[in-house]
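In the two complexes below, subunit A is the common chain; its partner is subunit B in one and subunit C in the other.
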Partner chain A sequence: MRAVNYNPKLRLQLLLILLSISIIANIFGSYFTRFFIAEITILSIFAISLDFIASRGGMVSLGHAMFLGIGAYSTAILSINYGISPLSSTLSTFIIGAIIGLIIGYFIVFLDGIFFIMVTLALGEMFNAWVFTSDFLGGSDGISGIIRPDFSQIGIDMNNPLTFSFYVILWLLGIYFLLTKITDAPLGRNLDAIRQNSHRISAIGGYTKAYKAIAFSLSAGIASIAGSLYVQLNGFISPELTHWTVSGEGLIMIIVGGIGSISGAILGATVVHIIQHELSNIINWWMLVIGFGFIFIVLFMQDGLWGLLERIQKKLK
Partner chain B sequence: MLLSLNNINKSFGAIKVLNNVNIISERKECIGIIGPNGAGKSTLFKVISGNLKQDTGDIFFNNTNITNFNTEKRARLGISQSFQKNSLFPEMTVKESLALALTHKYNVSFNIFNSLVNNKNINTDAINIAKDIGLSDYLETKSDNLAYGLQRQLELGIAIACNPTLLLLDEPTAGMSPLETKEIIKLIKKLSINYSIILVEHDMEVIYELAKRIYVLDRGSLIFEGDQKSVKNSELVQQKYLGI
Partner chain C sequence: MILIQFLNALQFSMTLFLLAVGLTIIFGLMKIVNLAHGSLYMIGAYIGLSIFNYTESFWLALIFSPIFTALIGAFLYTFLFRHIQNADPMKQVLLTFGLIYIGLDSVRLLWGTMSHSISTPSILSNPVLLIDEPYPAYRLFVITVGLLVLFSLYVILEKTKIGAKVRASVDDPETAQLLQINTDKILFYTFALGCGLAGLAGITVAPILGVEPGMDMEVLVLTLIVVVVGGPGSLKGALIGSLLIGFVDSFGKVYIPQLAQIIIYAVMALTLLFKPDGLYKR
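Let's look at the complex of A and B:
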């Protein structure tokens, strides 16, 4: 699988631009804008979890919405049934998601290409079917009444969309810096090399399976955080969140942004979600437009919007 | 003795590809394995590197029985290989490729906090290896953009960056021009001072130039073993391999 050029400088520049736009829009935007930014930020966290395993290890997952669901349902159960604070719930969901990801990853990371995609799809659909029929998880009605973190003691009202939006942006920044650190570290570079030539990594003594299992586990934990934040934003969770099409949309976001740059995944999530939202307000056949746009990018812009930015940057120099 | 292959047999269905092969490699010795097409050279190479499992027979490396070790484990013990067809990291530069291989030498491949670019020891080593293999001028060139001969050199560089004891070289001059072949022979000669080398080649001139001891394979069986002079003078080898 192809990934974009390794360019830490542009990665940081793009993040700063996106961050500035979101901060300005958050401060001067309406109630709805702030809610929308929080939604985009959570989708960005989900997208970079997918981007990380796709570009580091070459693992394309069509079942990652399962981890989004694990994060969302765990948060709902931990905070409603066990009275655990929402912040601790989010931290716990990372651990729960990462452990489940490590167990699943241990058994599937040796699979390549289509086999990996199909196994993750099957696992995701099994989880979706189970969630739909589970009384404990609320079945098709889902679970409602999930609260947001309470920072009122330090004078912060998390029910205000402005503060909650900044709260999820902070999560995104933390995850961004963790993943960029790993990407630039020996483990990340080995994972990148596995995507390019896993056979050679084995031949130089690399622990191919272990690297991939760690990456899958970390990605699962991050997707779970996205699920936890999503459920806190909306106050409820329904099984639709765990459907494979959610994973598919995540993959569209990273392809549009450019696979492998992290910041590109955030850009992709932002652009795709805005287009989806705006187009659906104007026309009924908006999915057709999104579909054609996606095909265009796959055929003519395989580096996605990241590639376009790189070309613009080169021309400006 | 560094490596010992004892009674190695390998079949693919009804076809016997390796038949009771016994090979010994001493420390810092360059040995050559030759044979016509279909003799079993590549299969033997894959058996030594762990890419293929033999049906019967044992392999000892540094007094350790590595018969059941996979490629990764053998590489970590010090068996490094370069491939007949280039097997590089196409999107990585020469320096990145070498640095990546060095993460295994320095046992830091699981590190998640320190940037590889800022690792001074690894970077210095990567630059030194690039110098040794003649790629100093291409440090920032992506391996996919290197000329074929330079890719072969990088192939060797990655193999030696893992700090091996034994280098397995599968047709290192395959597809090279005479000039490039000369360069790679010079390079392997230099490497043979510090490393044990097993060279699989079909080009007799390359083998005569580099190998101190030569094993001749024919239809999966070893038919001769000796130095280059005795190989040149062997009637059996002339008959079976050189077709004289």
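Let's look at the complex of A and C:
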């Protein structure tokens, strides 16, 4: 894998631009626009979680929709069956996802390249198969009746899409800053070193497996938060959420945005989701266009939109 | 009853084998996992459907649909796969992921979203009596096709010079090139052959399962599991993997329907934990 993007300045600029656009669109937009913004923000969180392990850890997960599902189902079960408040359930899903991620990560991080992709795919599909047959999880009907956090005591109505969008944007910002800090902290540096030459790290006494497992676990936890917010947005879970193509689309988002820049993942999620949505409104052969688009980007745009922005930035200097 | 179950499982295993063989050879030669392999299977079935509707002959469909699928494979290799051989695995996987979208939508545009069926040829439409139990003759035919392909692949790969060249290119492409083996040409033909076999799998199961959009996804993951369990790049592995997964799936669905699918994934997870290179390492 190629060297990772380190351009904190552009990273922040891009984030601020996207943030201001979403805030303005959220305030002046219609009901539907606001819902759409919340959806994009949640997908961005998911894309960031994939981006983090793909860029820092060199681990490409085609089964991350499993963690989206773990987040979604545990939120539903915690809040419906056990009456735990929605906000605490979201926080708990992070822990649940991270623990499951740590256990799975411990066993699979030694695999590299294509094998890692295949194993995560199989694990994700295993979860998907289980969800579809489990009566406890509602089988193919999913679960409905999931409520959003309640902040009415301080005068905020979360059922208003305006406030809920801001709420998920806050989550995105929190995760963004956590990950930028980690990227620049010893954990991130270690991961970079391991990705570039894991044998050398083992030789100088570094813990390659532990660091990769921790990174995987963190990413799993973040994906679970995305799943949790997603069900609170929609109020119901469909088991389709855990299908492997969801993970594939997440990976496409980070390829489109540019791997390793965090902000690029947000940009990618925004662009891909808008295109998918708008195209499917206009034409019914949108999948054909998107398929060709994916191939074009993989073949000809090495660093995605982020690479394009970097080139523009260099020219402006 | 057990005999019927056994034959059903064998038939399913043979279909998986036809699919896995192409995928595993492509992996062995190029180190690429082609997620669009299932799409070729679906397209093979649809092309067969069109030939069948036009000529009303199943046999023509059986012969020509694999040929057309192989041509599509040759086209894909020349314009796409050849250029991403040394790319990073994530890009390769996502490129083939894009192909899934294209395959699914092309099928929907050309043949519609309805599910279609191909009737079994009259000679095979009557059940055969096996120890007092009637059994569809067509399924026996599918098993025979699978065994024939298995046998011919074995003979070609193990007994002929071309087969030796293919094996050499899989094992060590650089040395093979030094020995004046045109690995690029070998890649081209094996890729096309692999895709053709996927098409053959598609047309042979069409009379049993019908033809519909989405049939690609159903087999894709199972085929990937067969390849990973058997050991990517290994023909023997593809056979053992197909039999293992085919039997576990067929018997599992009958005796423990709740857990059948999960067991398959568990088989794969266990194989990878204890034998990360698959059951048959090349």
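Throughout what follows, the second predicted complex is superposed on the first by the 315 of 317 C-alpha atoms of A that agree within 3 Å, B and C clash if a C-alpha of one lies under 4 Å from a C-alpha of the other, contacts with A are read in each partner's own complex, and residues count from 1 in each chain.
Here is the rule we use: a residue touches a chain if its C-beta (ideal position, glycine included) is under 8 Å from a C-beta of that chain, and two chains touch if they have at least 3 such contacts.
Computed from a prediction, not measured in an experiment: that's the story for all the values here.
Enquirer: Is A:Gly206 touching anything from subunit B or subunit C once the two structures are fitted on A? First, second, both or neither.
Expert: Only subunit B is touched by A:Gly206; subunit C is not.
Enquirer: Tell me the contact category for A:Leu288 with respect to subunit B and subunit C: first, second, both or neither.
Expert: So A:Leu288 only meets subunit C here.
Enquirer: Which partner, once the models are overlaid, touches more of subunit A's residues, subunit C or subunit B?
Expert: C
Enquirer: Now for A:Gly174: first (subunit B), second (subunit C), both, or neither, which partner does it touch?
Expert: Neither partner.
Enquirer: Look at A:Gly235 in the shared chain and tell me whether it touches subunit B only, subunit C only, both, or neither; answer first, second, both or neither.
Expert: A:Gly235 contacts neither subunit B nor subunit C.
Enquirer: Counting only touches as set out at the top, which of subunit B and subunit C does A:Leu111 meet: first, second, both, neither?
Expert: Only subunit C is touched by A:Leu111; subunit B is not.
Enquirer: Please indicate which partner A:Leu251 is in contact with in the superposed arrangement: first for subunit B, second for subunit C, both, or neither.
Expert: second
Enquirer: For the complex, which residues does subunit C have touching subunit A?
Expert: Listed in rising order, the residues of subunit C that touch subunit A are 27, 31, 33, 80, 83-84, 87-91, 93-95, 97-106, 108-109, 217, 221, 224-225, 228, 232, 258-259, 261-262, 265-266, 268-269, 272-273, 276.
Enquirer: Quick one: in the complex, what on subunit A touches subunit C?
Expert: 1-2, 54, 60, 62, 107-108, 110-111, 113-115, 117-119, 121-123, 125-126, 129-130, 133, 244-245, 248, 251-252, 255, 285-288, 290-295, 298-299
Enquirer: Within the complex, which stretch of subunit B touches subunit A?
Expert: For subunit B paired with subunit A, touching residues are 49, 70-72, 75-76, 80-81, 83, 87-92, 96, 99-101, 103-104, 108-117, 119, 158-159, 161-162.
Enquirer: Under the touch definition given earlier, write down the residues of subunit A that touch subunit B in their complex.
Expert: Against subunit B, the touching part of subunit A is residues 3, 5-6, 181-182, 184-190, 192-193, 196-197, 199-200, 202-208, 210-211, 214.
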